[in-house]
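Labels for the chains are A, B, C and D, by order of writing; each one numbers its residues from 1.
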Amino acid sequence: MKYKVGSDLVYTIDQPSTFIFNVQVVRNDFQKIIAEELQLDPQIDFDELTIDDNGNRYVRLVAPVGKLKVNYQATVDLSHFLIDRKTIAEVPPAELPMETFQYLYPSRYCQSDMLFGLVQSEFNDLEPGYSRVAAICDWIYDKVTYLSGSSDSQTSAYETAMQRAGVCRDFAHLGVGFCRALNIPARFVSVYAYQLEPQDFHAVFEAYLGDRWYLFDATRLAPKEGFIRVGTGRDAADVSVATIFGSVNLETMNIFVDRVSEEKSSVNTDEAIALA
Amino acid sequence: MKYKVGSDLVYTIDQPSTFIFNVQVVRNDFQKIIAEELQLDPQIDFDELTIDDNGNRYVRLVAPVGKLKVNYQATVDLSHFLIDRKTIAEVPPAELPMETFQYLYPSRYCQSDMLFGLVQSEFNDLEPGYSRVAAICDWIYDKVTYLSGSSDSQTSAYETAMQRAGVCRDFAHLGVGFCRALNIPARFVSVYAYQLEPQDFHAVFEAYLGDRWYLFDATRLAPKEGFIRVGTGRDAADVSVATIFGSVNLETMNIFVDRVSEEKSSVNTDEAIALA
Amino acid sequence: MKYKVGSDLVYTIDQPSTFIFNVQVVRNDFQKIIAEELQLDPQIDFDELTIDDNGNRYVRLVAPVGKLKVNYQATVDLSHFLIDRKTIAEVPPAELPMETFQYLYPSRYCQSDMLFGLVQSEFNDLEPGYSRVAAICDWIYDKVTYLSGSSDSQTSAYETAMQRAGVCRDFAHLGVGFCRALNIPARFVSVYAYQLEPQDFHAVFEAYLGDRWYLFDATRLAPKEGFIRVGTGRDAADVSVATIFGSVNLETMNIFVDRVSEEKSSVNTDEAIALA
Amino acid sequence: MKYKVGSDLVYTIDQPSTFIFNVQVVRNDFQKIIAEELQLDPQIDFDELTIDDNGNRYVRLVAPVGKLKVNYQATVDLSHFLIDRKTIAEVPPAELPMETFQYLYPSRYCQSDMLFGLVQSEFNDLEPGYSRVAAICDWIYDKVTYLSGSSDSQTSAYETAMQRAGVCRDFAHLGVGFCRALNIPARFVSVYAYQLEPQDFHAVFEAYLGDRWYLFDATRLAPKEGFIRVGTGRDAADVSVATIFGSVNLETMNIFVDRVSEEKSSVNTDEAIALA
């Protein structure tokens, strides 16, 4: 399934400032990049870094005073791993790939050690497996209100569990935190999301079950088969769209995600979907 | 119904230290004190203060180095206000006695302003009235584990809502905080409790409904008709058994509560009970 | 010294809403009210309550849909207790009036129990007395930036100590919390403040030293001899300008404080000032 | 300089439990392992993992019910990079190696985003460079009391900054958090420490300055030239001595660190020391 995605960011810069952008799509077996373009205006030099572990791609630049426009476009061919949800089991710690352990540990916004009591009380008695993570997503969807402006960059899963309001980032943090408190490795994923309304960068999460990372989205705002991976990390701290050192205003941000292929998605409701 | 209650506290004191005790039972129309005795060993002078608002009784003394024994005993004749729970309504803020407003505001251990999201999500749709506060108690009983040592003097309702473990003090703070977040005045009450096992000072709460303060105890550890009021406050900060300024060790604390009357309690399960 | 003070509040009300206002000046030996007027538009009925303990005056009303204008004006004759700061000692807990103890306990926004470590580290070695509370004010003034919009209604002293930014309410909470952690009773005071720029309700604090409550203001935004007391409480929870139950917007709020007397203030810089 | 180090851990296991140990020393150009031995009793199978990024070595095993003894010993030849502290500058974000950015982001126990206000107030005006990180260590040493038992596994830098008490792990978290809030990459390092009294695993931190990671230890409990690296991570979550899934008691833990070489250390007090 082919998608064309893009982001258009415009900043006003008061003093020379360093940016680290994470807006480019990840390149791997599930996401083949057919075409891609990154344009800066003014045309300034930048560093690029791709992280081996998770394929995250970062661009660093120092912007001079004035306007900075960042335009990124890519055409991506997505493929997924699909499987009957019922067949997917949780993996005991003794059998987890050791590379997944970093996603078991608590992180800044997913303090799983502090969510343990709540998780024991709400989810411990549920049948282990894909269905338990699905139940976590249902709990979040039912109990937490999606409310623009209800949280900020310091809001963590611990607070969201109490405030019962947040945005996609908070929903993802809560999902990650709850899974880790059950010893299920979980990680934060930023994506371009087809059919998201209004368009924006979206945040979802992955849980390691069976032998791979499955996609989950407690917001239900867009179909999972339309997610194009941008960043993978322990939580939002790792995959900020833009980490900025300096005095800067974001003027506009426009995101688009179009489906290029004519075919329709063929994911059944009883199938789990993986993009890794 | 007559009860004989008492407490026996023994401290070791390393340097002259000031104590403020709140162990004496409140004297009012619902609690007639038939006999009472407070003994100190050594026999040192003390100040006494009774707070007009709520009848709390405090004893202040400066203890010299060595051992301090505090022995308190009282015989109390309790009477209650009983009424069918179904008849008890919540009171809109416009009609609340203005004296109750201090029990609507957030306090150190009952941060109702921070519990608002949780309370909206869990209790807002319930039918208002006594039954809603009863449902809050059920929620606490079902979701929070009574676990000795799981909390400390800094633990607040906000933390208990997440940890899902606590002792009577934490259960009471949670009940108070939840009520206040629904605009129901609620206050913390320390009591001697008949049939509490093991014996100790107990903490429960009162909510203002209809035209008075009704007793609630989310721990279900002892019958409400056997509570003898010691202290009433916004939260545990107001009614500590002993506030101590100095270097002191509590060696032993023994509490007893005996029923003196032969009659049996006659509270029906569908009756609400008030001690004020 | 005579002052004329007033507040003008205009709200838009979406549904019938209950208000509790605390805008009237306290009437006592230090504040004689020469003239006073409270006007509501529309002219609706209201309840009035004066709290015995601290003289706080509350007005409760139910406002219908539409606009609500609240206009309050008073002419007040202020007198102060002045004394050389050097003569003012801290009072050991054994000698404090027992009525002051409620202001030693931690409260929602002044969690003195959680400030103990910081206070020990920063202020414990200072000479006890008025000068230590003055040093606390200097510390706050030096280390905390007064920044409009840097805090909200949930911000407490604990957070302000870390954020190092706040408004007058946060400066007062910090002062109160620090004093209590040193066993100095301290309370939150809302005032009309002469020469405050821009005009607004102001928040300051009082510490109990020697034999009375002395005024402190870590913001240094206005002279202490021009404070006219509106509310006294454990913290801002007790003396909110308006506690509102309903759906309401504050359209405008105008405060004025004029000096009526011709005389100039005669407080020396080495004098402490008390308004109680 | 050669050291012989070792750890002896004895657990009682109530039910089959999974352990992940991080007790082995890192092998790199600065730490040559001359001899090494890991013994388990009972002799059970284990997995080993070495993380490419930082050389952390993990051992995973499933222990049966009963006793588990883990004995590790290694002889290590340490070499350091030494340089005059005055020559070491901070690196602007535009010039930092991109691999260091993960150590700029806030983590579970080092919430640098929440330490920003404190850091601005206390350290922003200091001259940038090695000396500023040294000043951070002095601040921590002066203001925070090293107190066994004053913190637990959930204590973070944010709390330690207020409690002003902690153990080596807390001192390291605070150092890391403060540096990151100044845009200095910083990471948590667990070590065997020569001359530490009493012997234990020790926690220190590294800050990225000039062109490498320099060692810092705000506790001053042992000389930096005697640190042998075990684990490197964002904070303690990454390098726990033992992550345990199951019901287990630690019976005894003994650590030893002996110097094998006869030579004496030759680090001057004005030299910075790097082990990476």
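Observations on the structure shown:
Operating definition for what follows: contacts are C-beta pairs under 8 Å (C-beta built on N, C-alpha and C of every residue); 3 or more make two chains touch, one makes a residue touch a chain.
This structure is a prediction, so every number in the text was calculated from the model and none was measured.
Rounded to whole angstrom, the centroid-to-centroid distance between chain C and chain D, based on C-alpha atoms, equals 47 Å. In chain C, the positions touching at least two other chains are 114. Under the stated contact rule, the graph of chain-to-chain touches is a ring, a single cycle where every chain has exactly two partners. Of all possible chain pairs, those that touch are A-B, A-D, B-C, C-D.
Of all residues in chain A, those touching chain D in their complex are 18, 20, 47, 49, 52-53, 58, 60, 62, 92-94, 98-99, 101-102, 104-108, 111, 113-114, 153-154, 183, 237-238, 243, 245.
If you check the complex, the residues on chain D that touch chain C are 114-115, 117-118, 120-122, 143-145, 158, 161-165.
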